[in-house]
């Protein structure tokens, strides 16, 4: 709210309106906009399809949080952002929620593969988070039917540093093989699912990406309209 | 007791009665109530069936400590609590006691599986404690017939930090495979047992959960009455 | 001796007699008595049979130190104590002595198994010490015919902490498998021997345990009398 | 720019011209020239073919950044430098870019092998960077079809030292075997490609190396002319 | 020398003679005598045969340093000592010297086995040193025909503690298996050799041990006489 | 130079001549002479053949640096020294150079084996350095045809100690097996080569060693003369 008031003041407005608060929230949650950053057309295009992949998968996979905004304006260290906001505060997550998250995360890479037949380093962070979630599903939340309701690995908190540093491995190599195989199975199945969803809706994917290239930001309603078949031009208005 | 006197004073009572002491004990043992925390109906329902699972298994499995209270009012970091209090102070625990503990811990997850055919992250802590107990049974207390009266792993106390940090592995990979297999066997057998007990008493499970959704807290007598077939309404009074 | 004088003074005695010194020695060697500790009858009974198991095996196995006293009065962190004192100071121990020690340590657990068909966490410390002795026999003292006069593992003293912290593993996984197998063989053979000795003398075991439940402490002579077939009543006098 | 001004001042120039800025840039990016360093003719010749290998592969492999300058004047700790500058700032890199980088890095060693049938320690740094890139492609950016969009290894930042120190291995030995095999496959394929490109253009390679021995530095245009078949003499002018 | 002068002074002698220097040397090299230490006859006998084993093997095995003195008077932490002094200062040792050392070290245990058919913890230190020497022969000095002139393991000196703490393992598990097998082969062959030598000279072994029990200390000449067949009585004079 | 001036001054010379500088250089590069050190004839002879082995192999193997001096006067911690000085400063080394270095290092041990059919601890340092070089060839410089242009192991510099402490193993056990096998192949081939060279020139080897025993130091020319068939006596002059 503070940030919003500052933004309004900077624009010499009398009142802080909703658009100021929206901008403030974006700044806090996604980092400051970096409009001055110069990207090649190729990178812009790549980013647009990457974010469109996230956004479309998030709309199609059951159990995913609703998309609030998609943008290809660089913010912080990201070239683009797809922002999801849950309908209400949540304290526990189901296996379905977790699989949906991983599928959405891999939607960016899947889109690049489908459209450009290429992989980029830009998906590195998505892949890291997917792997981490899959590992937690299996090792902390007992969500693998094969490995059952057992936890693997023991956190070693190092108090003097104020945070957990390493995961102590307390299982056998044979179990490590099973865990690896389950993690890779989960990630690969989500990746396949993301590709399948985007392949089946490839025209929608292209419409979202092209609109993003055109107007750079899409909110939830605009995204709805494009998915419903409206032209980018109609969605813009 | 101190806490109880404070609670009584806050209510302008003349005397500290049993209800004050009960509240004080709950606060100390389970953390402060967080009535202001907003949960979705889905999470409430999930929590009710999770706690009902713990409570019912605790009543059915031989060797478990008696249930003192079940609640779905969030306390500390937990969305709900099933509190067990042993009949008397105990210094040693039998293998039967330990298996009962694990079975009760897994009763929450088992209930969610039976009722919603879903797993949630909420059972993560139960699973971690189950695995830890199963591992101690096998590695510290010699309670595996297969591995015999031998201890595995050596505690490495780090004095300068005032607490034990890591378990030093002093056995071969082949032994690690056997330990893993025994830990998973114990946990899986307890999980199966919890499911079997709940499946055979699924109507009772539903009555407990629905009453919890209705009145949020159940003490030992109320739980008895519901198990004995009384309606939630009757139990309430 | 100091402690004995204090005890005598506390009882307003003129002289420090043998019973004061005995009490002082017990306090120093086994921790202070905790007569105020409330144990359930079940735990008392369990403790009595556990200690009776230690004591009887110590009398039956060749190479064990003589039993000086058996008690089920809690002392320090132990619920009961079987105290052995060697006939003279010893600087080296034979393989036979070591096997006897392990067999005596496992006599407690063996007795619980035979009488109650149950295992408890109370034997955890006995098992830990048995495993440690068996490992030292094999890895430090070259007492395994299979592995020969070779040491395994290198102590890493950390001077700045004033004590040895970890045992550095300097052998292959294949050797680790052999060591594990030898450690388990030694412990299991001693456990079987303890069970066999107690099974063959089960009536004596019961007489010792029941007398302990009755009079709580047995000295060497009383133990002799019970083993010689005297009734607890006779032994008491 | 500062450095360029200093250079101009040192030469008593009135203005800072492009050549001053170029020298300044080289000094900052590649370390100071070490013209005083005495190399044997053999080492000079080796360096010339090594750098010519980098430069020619960089011109031939798709996805590589353009070559800006090649030199066999020692700079910093390097005996020679091939400098590549991307056409525009880039934030993400494709799999093709990464493979090109590795192939260029291995071009130096490949050239030495082809011309002298010898390997030298001088390629150590190129090989280290190639291996690192190949490992990142597979373990951080999910660029291996065989291992899929999964990350392997967890960075352990040690805050108190202000930088990441070690990569925590969180996968099984079986996975480690797959990773090793993929890393070596990628590096070997790039090495083979570099050799193939140089073998097919061995006359060009020789012309570049001989010109370097002659005039020590080649800029982008001179390199173009030599590749286009001009004689070193023509390129010099 | 200082220590010798002190000893002479304590005896009110006018001069420091050879016997004072001998006592001083023993004190410095083997620790102070502990004549007050009470050992059982069994332990005395065991010690005598243990030391006789060391001494006799040292006389029989080629490449061993000459025996200077044998004693069963406890010194420092040892119950007995066999002291060997090389004929001249040596800077390098041959493989034959090393094998002789190990064989002498294992002569104590071998003697106990032959005479008492028993093993004791007293040989723990001999075994540890044998294993260490065998490991160094193989891993540091390239003295294994099977493993060749290669070193295994890298010392990690930790400067801030002023001494080497751990041996870093830089080889594969497969190599570790070979090393273990070679270490055990060397130690076992030396042990067999020690047993063979003692078995073939068992009467001499007994004469040495019995004389030690009688007069507690034997110097080189006395040892010679006993080996040459003189009676203990003759040797005493 | 400073050291040379001091030496000249100590000899009351007017000028610092070449012999002073040579002595100074030896002192700085090889440690101070220890003429007072008493060695047995056996050790002297062993050292002479050891150094003669290094020197002769260095003359025979292609790619080795020229021998500058051989001596059996103890210096620093070494009983003898063979000093090689490259013809010019070198910044990179070929695979041939590295193999030559290892072969020269193993020439000492090979000579002892051929002449005395014995191994000594004196070759420990040579073996350690050979293994280290072979490992670097394979793991850092990509000089193994089997493992290719890939690096293995990641240096972990620990800044606060000012130096690299450990080599982080970032490869699989299967790769470790291949590395070990390559390291051992390289070292064994060089050892065989050293033996072959010495065996084929055994008379020259003996002449060098005997001259060393006679005059203790040989410079490059003297070494040449002995190899050319001159008698030690002729070489002396």
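Read from first to last, the chains carry the letters A, B, C, D, E and F; within each, the first residue is number 1.
The definition used in the following text is that a residue touches a chain if its C-beta (ideal position, glycine included) is under 8 Å from a C-beta of that chain, and two chains touch if they have at least 3 such contacts.
Nothing here was measured: the structure is a model prediction, and the numbers come from that model.
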A correct list of chains touching both subunit B and subunit C reads none
Max Cα-centre separation from subunit F goes to chain B
Could you please state the distance in Å, as a whole number, between where the Cα atoms of subunit B are centred and where those of subunit F are centred?
-> 70
Rounded Å distance between subunit C and subunit E, as computed from the means of their C-alpha atoms | 35
Could you grab the centroid distance between subunit A and subunit C? Build each centroid from C-alpha atoms only and quote it in angstrom.
-> 61
Would you mind listing the residues of subunit A that make contact with two or more other chains?
-> 173
Draw the chains as points, connect those that touch, then say whether the picture is a line, ring, star, complete or other.
-> ring
Chain order around the ring, beginning at subunit D and proceeding next to subunit F = D, F, E, C, B, A
In their shared complex, subunit D is touched by residues of subunit F numbered 88-96, 98, 140-143, 147-152, 154, 156, 158-160, 168, 170-175
Listed in rising order, subunit C residues that touch subunit B in their complex are 38-40, 43, 46, 79, 106, 109, 118-124, 127-128, 130-132, 134-135, 161, 165-167, 169, 173, 176-177, 179-180, 183-184, 187-188, 191
